[in-house]
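Consider the two complexes below, in which chain A is the common component and chain B and chain C are the respective partners.
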Partner chain A sequence: MAKRLLVCLLYILVALGLCGCWNYRGLDQVNIVVGIAVDFDKENNEYKMSYEVADLLTAEKRSNIGSRIITSEGKNLFDAARNAKKKELNRLYFGSSYVLVISQQFAEKEGIFDAIEWFLRDGECRETMCVALSQEDTAAVILKKDEKMSGIMSSIIHEIITKDKSVTASTIHMQLYDIYNMLKSKGNAAILPALRKTKNGDREVTEANGSAVFKGDKLAGFLTPEESRYVLFAEDKLEGGILTLDMLGRETDDISLEIFRSDTKKSFSYQQERLKVKIESSIDVSVAENHEELDLTNEEVIKRIEEAAEVMIEEKIKAVVAKVQQEYQADIFNFSDMVYKRDLKLWEELEPHWDEVFSNIEIEVSSKVHIVNSGFIK
Partner chain B sequence: MLRFLKKLCAGKATDLDEKIARLNYPLEEHKFSRSLDENVAVIKKLFNNVDIVQYKMIQSPGKDPIRYFLIFIDGVVHSEIVNNNIVEPLMTKRPEGGEPLLESLLATVVQVGESKKINTFKALIESVTHGDTVLFVEGCDQAAVLNTKQFAVRSIAEPDNEKVLSGPRDGFTESLIQNLSQILRRARTNELKTKTMTLGKRTQTTVCICYLDSLVNKDVLEELLRRLNKIDIDGILDSNYITEQIHDFPNSPFRTVGSTERPDVVLAKLLEGRIAVLVDNTPVALTVPYLFIENFQVNEDYYFNFYYSSFSRMLRIMGFFLTLAVPGLYIAVVAFHQEILPLQLLMRIALERQNVPLPAAVEAVIMLIVFDILRETGVRMPSNIGQALSIVGALVIGQAAVEASLVAAPMIIMVAATGITSLLVPKLNAPIIFWRLLLLLLASSFGFFGLTIGLSLLFIHLNNLKSFGVDHLSLEGSFSFQKNKDIFIRSPWPDMIERPEELSENEVRQQGGGNNG
Partner chain C sequence: MKKGKVTFNQVMFSIVLFNFGSSVVMGVSTSVGQEAWIPILLATLAAIPMFLIYGRIITMFPEKDIFDITDILFGKICGKICIALFTWYAIHLCALVLRNFSEFTQISAMPETPQLPIMILMILTTIYMARSGVRTLGKWSIAVFFFVVFVVLFTFVTSIPQAKVDDLLPIGEHTGAQFAESTFQIFSFPYAETVIFLGLAGSFKKNDSPYKLFLYALAIILVVFLLVFFRNLTLLGPTMMRANYFPSYVTARIIGISDFLARIESTISSNFLFAGIVKITVCLLVASKGLASLFGLKDYRILVLPLGMFAMALCCILYKNTMEMFAFLKYYPYYAFPFQVILPLFIWGCGELYLRRQKQERNI
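Showing the complex of A and B:
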């Protein structure tokens, strides 16, 4: 019996060493970071990080919890993150941070890969953290709230970006590991949501403004919110949003279609030294807004609307792919990965001059719009 | 003359005393002698200083009177029976018929329903202290035990800790005979066997083993009898004295012997092939074998609609895990794995934890002990000062401690949840208190890892437990409906076709009565 007990205790002792490096960490001894902004200070040649932390010291127990900004500088990211402790009572805790904002200058000059790599490598950060690019002068300004606002900016930004694909479909939600995967895949390109400051009534707020395209890990250019929607179409990431059409030729879009479901398939063929990519999308929509002139009980009218929508989607997708192909040469649609995974021989043939191949891919788009619900009102 | 008589008496007594003193082994081992005086002398010596014992010398009427001697204890005999049915006829009638005298006395004079003959002092002591009256007759080396028992017995009432909303409301009392009568009333069959034995050297407590002959698992019965016969104890005041001596794992906090105060529960268990042990002087009956799931089964489950019962039973099972794991879980999350919490919840807890002096783990241990102190006080204190407890408990500890930032509010909520859920499974309170603290300590040292280790240990321990050779936590069963009909859910009665196979030798309960068996 004593021997058995001893063996059990030994097992437990051995097992304890295998349980990783968790520490007892009192919740009252940490600053909960909810958002991080990364800037690069050219003059001093150092990294500048800003953290939005939950402001627990001044908060009342029964009120909303606000936030404050802490900044720190350092020779590299980890150095900067540790330096924050110099000014603060408690150390920073990254486990609950939602948003990582990277400044435009930083992305243009330094490239984002090192930053992404560090945040992934650090054990505390979430891989699902939402990454975005600031279109303002610095990234820190995105996290700043208007004085009239309460609450936490980062969670607002997080909500804006994550809910976007099913409501407005104007930007793209990218998580930390997504970006890393994209940068490490054959395409070596990435796309991030772009954020800017704007006025909303008398308040200054942050707004999602399309997306930013990366060639390698360096910023190549931007896509407008509308172009971003068709990127979502092509990427099969769309979950909602609306399409507006001008059916009556009155220069205004007089009918709105709400997207219920969208399904996109991509395929490719290689003929006569030329790569051809086929994008087929099928979309279920309902009529959400209509002018009286259009009689939705008439099957002919429905057919006409569907056809018009199909044509519009096909053109827009073609246009955005062409723009990315010609202007940025960044394979954000991951065509390279598709070829690599489905036809390795072909990929090995194409790889040395992939940039050239990518710019010359022939794109064929076909879409099928199906109005499942006319929202008929008697 | 007087002096001579005195001397004669004294001399006679001295003779007897000497004779008694010469006996070299204990008096109670001796058989009665033919001499009435000698028997009386021995009895008086045996009951020396037991002033409550009554002796009565009686003579029969007529010429050549026969001398009788009665011995009984005041208070435990029915004095009307003694006076009217024993003393009066003995004084007024002579026995008719011939020898033996004792037989003809019982047949023609004494008017008592139950009587038997004994011939040792040991049997005499047992009978007299139990409320019987013993009758000696001059010249007989046997005595008659006449049943004149009468005890003050509590009336049948609903047991306080097994109250039901619907269903039978009678409960056991301290009288074994009354308890047996309640069981017999429910099962009018000769299959119901009641074996009695006497345990406890000094208390001589009657213990009765009940089972249904055609259903019982003979191996279990044999094992139970073997263990009961091995008991060597001087007194048995409650059935728990027996529980702990027939337990398969005496050191485990989990019990592998069931207990109940309700006859309907006992009968339900008998009908599943279990065995009940009734102990005199206690209202708590034991049932074996006892499976782990019985901790969560309540007699009301079978009296209410099965949807409602199944839901309640699942709540109880959930309550068990909650009350075990919530303190550990809370500490593991708050001190080790904060990232598991949604931001709003994390910030709220962090806000509450600002300025609280103690680390969360220490706080949890203290608060759990405070809760247990309150609970124990509630049980022990006189009921008329109950208000003081609720004021101190609710106001001082609940509100003032949080207001003063001595204790974080989430901790109070956590302790309250733990306390309330532990009341869902009162039968498991012993293991819960022990394992909860163990899990809490493991979680405060190693987070989820420690919690997992602790729960695994618990599971391994439960798996090792056996109750009279039957697995306490039976897991190897198939997934068939009949095996699981009464575990997480309580199936409707028409579907309860089989008895639990390891408990009963006669598995089928209903012949083709079910509709989806």
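Showing the complex of A and C:
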């Protein structure tokens, strides 16, 4: 009996010794990074990184968790990340980062691939981190909070970008691994949400301002929030948003349609050495605003609104595709991937001169708008 | 039940888990990207005759290990050579799996922890299990099989909302040679590694048909491999899948249903751990049995600990780094071919001749 007891005791002792791990780090021993901004300092040829870290120490019971900014420099990303330790008590921990903001200069000169590679390779960062481009002079300024604001800036940015497609539909949500896949896919182009600083009342806040287009991993240009919406249309990533229409032919838009469901199909055909892409969009909307009190019970009126919306969508999608084709020549719509996946032979034929083919693709858009209701009022 | 015998289900599940061992995490060969389901199917087809041969060897000599069989067929010296070869393969495989496991742990969870303590913990557990015998292994297999399969199903279902089925296209991008290579890879790692189970055949029950045993196990493995492949591909996309060392693990990191069901990658690690234990234990058991019969010892148990230590030492010197480990995978099929195919074929052929001659003798 005594022996058995001793054995049991030994088991417990051994078990106690074995739990926990070699790499143990307490919460108080790490700086939890929630957002990262990457800049490149041309003069010193150095990477400048800014991290927003959750400030657990100053958080009081009633208030939200605050945050502060840490900056560091280094020869490359990891070097910079570790150099932060030179002025900090604790090491940086990247496991909970929400966003990665890349500066415009960096994207033009170095290319965004340089900025995302380390994050994918390192075990700590998550592949689902949200990536964005700063339209300001630096990326760091995006993470800066107004003094009057509390909370965590990166978390706010993350919310803005992830919820955008179903609320405002003005930018595009891209995760780290999406970017990698896009850059490595046949199109070799990418699109990222663009962020800028703006005034909101008396506060300076960060705003999503359309999207940035990349050819290869170099910045090619920007799309406005409205253009970005039609990119979402074409990409079948739209889940909501508002369309406004002018039914009476005046300057102001008098009808708002709220999008409930959107479905886009893309197909292509190849005739006489010319690629033709067909984009078919179909959406369900409700009439959300009706300034001129058009009679919505009248079938004719509903039909007129639907047709006007269809024409508008068709034109806008065509316009944005044409802009990307002509100005940026970056295949952000993944047309190349579509051809590659559905018709391998044709793709092999087109691949060598894809850039040229892409700029000359003939786009045909058809759109179907279906008004499902008009709110509380007839 | 006679002592030291394992039931049908126990053996079947341990064969299944043995096959999952390292491949569920390392991902079955992904060299042909989106078309990898074709080599998976082809390799399964190729594995059927091989598994039938393994089954035939067991039915020819019921309740005998491969070590007894070679002894009967080839006599003292040639038999010993066969036993030595087979034992070497078992111990080497044991070290390989152990190394996979420690490399994976280091990259995924504990970058600063040296690999040695991870290996020590793992090998001690498996030594303990191997010493406890085949039945303990069988019970363990049943216990964890359902967990492992549940995790695969669960991650498959939760990945559906994010899946891009389009990624399965295009079909026909790769050449026949690439398919053949990939098929050979999957055939030898992990399917034909099942040859190790011939060393445990003495513990199978006489009435259980070994054919059924191997083929049922193969069917389960095929289904799970396909699920794993579809999940990884549709979530990661072919480029990301090919670029990753451990696609399943990364897939689980990406799976997220709103905020509350996310970060479930530890389930994949535990899968690897549970199935890995089975694989290492089986290898260790067979190696010990082989060594025991090589030196004519009655009890293999005393050899488990030293052999385990040997496997660990071997595992440390196998590769210089992770890249080498994955590079070796390319050559592994050629290295393993003699053990997986030639040796069993040889034993099978000789066995048939032996049986025929015995029959003739009896008839005379």
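Just so we're on the same page, the second predicted complex is superposed on the first by the 351 of 378 C-alpha atoms of A that agree within 3 Å, B and C clash if a C-alpha of one lies under 4 Å from a C-alpha of the other, contacts with A are read in each partner's own complex, and residues count from 1 in each chain.
By our rule, a contact is a pair of C-beta atoms (placed from the backbone, for glycine too) under 8 Å apart; a residue touches a chain by one contact, two chains touch by 3 or more.
All values reported here derive from a predicted model rather than from experimental measurement.
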Just chain B (first), just chain C (second), both, or neither: which does A:13 touch? neither
Tell me which partner A:181 touches in the superposition: chain B (first), chain C (second), both or neither. second
Looking at A:1 after the superposition, I want to know if it touches chain B, chain C, both of them or none. Which is it: first, second, both, neither? neither
Could you tell me if A:342 is touching chain B, chain C, both of them or neither one (first, second, both, neither)? second
Once chain A of both complexes is superposed, is A:126 in touch with chain B (first), chain C (second), both, or neither? both
Touch check for A:65: first (chain B), second (chain C), both, or neither? first
Dominant toucher of chain A (residue count), chain B or chain C: B
Does the superposition put A:32 against chain B (first), chain C (second), both, or neither? first
Kindly list the residues of chain A that each of chain B and chain C touches, one partner per complex. 22-23, 126
Which residues of chain B touch chain A in the complex? 334-339, 341, 343, 346-356, 359-361, 444, 446-447, 449, 453
Would you pull the chain C residues touching chain A in the complex into a rising list? 107-114, 117, 121, 166, 169-170, 172-173, 236-237, 239-240, 243, 250, 253-254, 256, 262
Chain C-facing residues of chain A, complex: 18, 21-23, 123, 126-128, 175, 177, 180-181, 184-185, 340-344, 347
Contacting residues of chain A [partner chain B, same complex]: 12, 15-16, 19-20, 22-28, 30, 32, 34, 54, 56-57, 59, 61, 65, 93, 95-96, 98, 124, 126, 152, 155
